[in-house]
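Shared between the two complexes below is subunit A, which pairs with subunit B and subunit C, respectively.
Here is the complex of A and B:
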């Protein structure tokens, strides 16, 4: 079974995001990047499936200058991927439609029974790469999945798709297929930084071009980007923890809550 | 291109989901402004009865086929692509659910129609759709247009009122053929086992997120919930980590709650979480990040470490 995982880096939300002077984009000069959380779940699932039933795991990421895609792919190797490939060449992470077109082209040269990627990313304004890629390649796709299991004959995969209220739908999907992974069965494994650094020097990161549709474009026109007014409606409580606790207790007491309970 | 606004209906267990009515209400006002019709497209098997509850639409397109008894991404996509291609509506509205993601992105790629995701508002300006989208876990809002003036939007739950989509009109019913694509087969629905506590019925929820740091600290919020006579709920990462049962999870894939008081502790407030709790009567949020989106829906907020505030509040209440 050949598993392919699509990954990318996204801005680190631990840092404050700001809008640039154009008002149409994030200020990117000092931006730091991390692997997209859901893509890490997709990788962990692929590694778990490979460990359980054998096969290969190939990781693809776009060749983006911003951030450190080599580190992202070296981390995949350190965690257990067999092969990593950098697709196309981009100054910054492109939109999902462009990414899907580039990955669709790259799959011509990569064996793939099951393609796994994060169900979403914090920057996928024009939709999710998984179903976009699947439709381009004529493959079936399911988003928001957990509980991935390969069928006995190796020609199908069974997944759960999450709905509201904790309800899930179970599907059997013909391979090859694309899945948008919501979460992994275990926390994504840790790769020691020293191992990643070593692999960045010694490992082979293959490169392929992004194909003729490598600049497909999202078809969206940005009119404005803004930081929503945080706390627009909230009355902010200031002070030390004891003062904050006192004020919250008062607010609750005004509504008859928290009095005479627990005594 | 037509001035119609098309809504893809989502239904489960013989009932149309609220998210569909939210979209239908908006579609109706947008279509009226554009001079078109609000068209609801419903796919299923034996769903004539359900079509009767789509009185908010001007027209209902019904695709009734045994192969559509339950949602599957492949069968829905195969049936919807020709309908949307032939009718060429100015706007297609789809709920930002799991099925909605599959449907919207699938149609976008199949028909080369642009897609604006995580929409919190959809307006018409100058005769063309203008979509407000939540990006970066709700920390940034983007306003986008479609290059050719038409496209698809996936809309987050709660963006529009349900009531506006529930109408007693008498829409024209049309039938459209299903297209066979059986590459994905529905095997069944799994429902969560009932938990010890039903958080949808609790008046006071003490809800905890990543800011709790480690599992041992859960007992701090349990002590606070007990002092308040409430129950503990959580955001998704806490349930994923197994620190609290899945039945306590609030949000898009968890439960929707409307308590009298919702204490959001160490919860940043990603759109998926806000979807499940923004209807609470009183929301008090404590988070160490002053820019956490939870403060945009909270009535009271405090920027602090919950590991300091929670024990202080518990002691104040039981002291």
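Here is the complex of A and C:
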């Protein structure tokens, strides 16, 4: 079973985000990047599936200049991926249409029974890379999945979608397929720095171009970017810790929460 | 590793049904003797593997005298001790999957008394490194490793926020990159002193004291990274090297005569580990830097406090500095210093070293109480029986650890925790009217 994982980096929220002078983009001077959380879940699921039933894991990421894609891919190898490929060349993270076109082209050279990617990412909340890729390659696709299991014959995959109200749907999908992963069965494993550093020096990171349709574009134009204004309905509790605690206790008491507990 | 062999094979037993010696009947099972025993059939793979690791060599030198067990702080609160660890290895356990691997705080008290110089400060990191490489690492610890890798501090805070405490210091704290000239003292503020709410109190006090003394100092600011020593002792040597490279690059960019640090773990790293990675210089813990200057401090009030002092493992036992902190405390007007039973070389570990700071939940499953709680009880017995006493500290791990322990042991009101620098700063202020 050949698993393919699509990953990208997103801005690290340890830094407070600032908007640049154009009012259309984030200020990038202090920005640092981390692997997208959902993509890490996708990788962990692929590694779990490989460890349970054998196979290979190949990781693809776009060759974006901002951040450090080489480190992202070396980290994938340190966690247990077999092969990593950098796709295309971009100054910064392109839109989902462009990304899906590039990944679709790259799959020509990568064996793939199951393609996993994070269901969405914090930088665009678009969630379209999976569906667009599946459309381009003519593969079935399910989003927001958990509980991924390969069928006994190795020709299908079953997944869960969790709905509101505690209802779960189970899907059986023919392979090859694309999945948008919501979470992994276990916390994504830690990649030891010593191994990542060694791999940064020794590992082979393959590169392929983004294909003929590599600048597909979404047709969307950013009109403005702004920090949300605080509304009037929330109460900001300020003061020293004792005063804050007292206010919280009062609010809880007013709402009848925690009555009869403690004291 | 699994071998189905007897650990001790008994070839014959002699037991007298009836024995009388000098008129005393000693019949019973306890006059039993083993005629022959084969003790050559221990599984040796685990010991062979551990002693093959760089740092693990001395594990084999143990001759089971047991001196280490009563001085091990973890033994006081659980079923753990260095000798017990050695027995596990002798019986074929490589410790990789054993919770005991993560209980040692690398406090070094066993090494101090060991006649064979078996050194867990080197053994434990060596085995832990293998566990980390195999991905067998407690989740809460790997979260901190991720933060250190990503942001250069265990909290995962922005490097830019490392200087947020400066705003409320009340004095000017120059950043060396903005100063553009050599300084006498490069002050390495360290993680908890920079980011933790209680640590920041010590940072501000230190800034005021140095300013009052006219010290020519500056800080690295956002360029400063965690010293990495606790990550190293917790088995992440690659992460330690990454952080050390970042700090060394910053140290080499600027001219300064002395490096003064708040954190004994940083002191240990810069003094004993960084030279092998390419940086060597004059490093002083802040207590060592201030001890010769304390006569110049103008105290304006008398604090009138009963104070005891907790020796940090990585300032005291593991680096031999017991006097400088006490010199400072004795110079503060109104302090009555009393020693706890576990003091100086036999100081009791707070539980935060060797990664313990980041393993609280994991360790809690294997001990009856936290080391910090046990230490706080000792401090209360020493200075907290007749009105509130002060547990003074000189390590930024400790205010939060001990203050939590004061609450969890029900000793609120009997003991307060203060960094020595906070007490100096307090006595430099005019007495409240």
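Here is the rule we use: the second predicted complex is superposed on the first by the 242 of 263 C-alpha atoms of A that agree within 3 Å, B and C clash if a C-alpha of one lies under 4 Å from a C-alpha of the other, contacts with A are read in each partner's own complex, and residues count from 1 in each chain.
Assume a contact is a pair of C-beta atoms (placed from the backbone, for glycine too) under 8 Å apart; a residue touches a chain by one contact, two chains touch by 3 or more.
Only a predicted model underlies this, so the values are computations on that prediction, with no experimental measurement involved.
**Q** So if we stack both complexes on subunit A, do subunit B and subunit C clash, or do they fit?
**A** fit
**Q** Output check: A:12 vs subunit B and subunit C. Expected answer is one of first, second, both, neither. What do you get?
**A** Touch partner of A:12: subunit C, not subunit B.
**Q** Going by the contact rule set out at the top, does A:251 touch subunit B (first), subunit C (second), both, or neither?
**A** First partner only, subunit B.
**Q** Looking at A:50 after the superposition, I want to know if it touches subunit B, subunit C, both of them or none. Which is it: first, second, both, neither?
**A** neither
**Q** For A:120, select first, second, both or neither according to whether it touches subunit B, subunit C, the two together, or no partner.
**A** first
**Q** Between subunit B (first) and subunit C (second), which does A:187 come into contact with in this model arrangement: first, second, both, or neither?
**A** In the superposition, A:187 contacts both subunit B and subunit C.
**Q** Is A:83 in contact with subunit B, with subunit C, with both, or with neither (first, second, both, neither)?
**A** Neither subunit B nor subunit C is touched by A:83.
**Q** Pick one for A:195: touches subunit B only (first), subunit C only (second), both, or neither.
**A** The answer is second: A:195 touches subunit C but not subunit B.
**Q** Of the two partners subunit B and subunit C, indicate the one touching more residues belonging to subunit A.
**A** B
**Q** How far apart, in whole Å, are the nearest Cα atoms of subunit B and subunit C in the superposition?
**A** Least C-alpha distance after superposition: 6 Å.
**Q** Do subunit B and subunit C land on any of the same subunit A residues, and which?
**A** After superposing on chain A, subunit A residues 16, 187 contact both subunit B and subunit C.
**Q** Applying the document's contact rule, which stretches of subunit A touch subunit C when the two form their complex?
**A** Of all residues in subunit A, those touching subunit C are 12, 14-16, 30, 32, 34, 187, 189-190, 192-198.
**Q** List the residues on subunit B that touch subunit A in their complex, please.
**A** Residue positions touching the partner: 12, 17, 70-74, 77, 97-99, 101-102, 104-106, 108-110, 112-118, 130, 133, 135-148, 151, 154, 157, 181, 183-192, 204, 226-229, 240-241, 246-247, 249, 252-256, 260-261, 263, 282, 284-286, 290-293, 295-305, 308-309, 312-313, 315-318.
**Q** Okay, in this complex, where on subunit C does subunit A touch?
**A** Of all residues in subunit C, those touching subunit A are 129, 132-133, 135, 137, 139, 142, 145-146, 149-151, 156-158, 160, 236-239, 241-242.
**Q** For subunit A, which residues count as touching subunit B in their complex?
**A** My answer: residues 11, 13, 16-17, 19, 26, 96-97, 100, 119-120, 122-128, 130-136, 140-144, 158, 160-174, 177, 180, 182-183, 187, 217-238, 241-242, 244-249, 251-252, 255, 257-258, 261-263.
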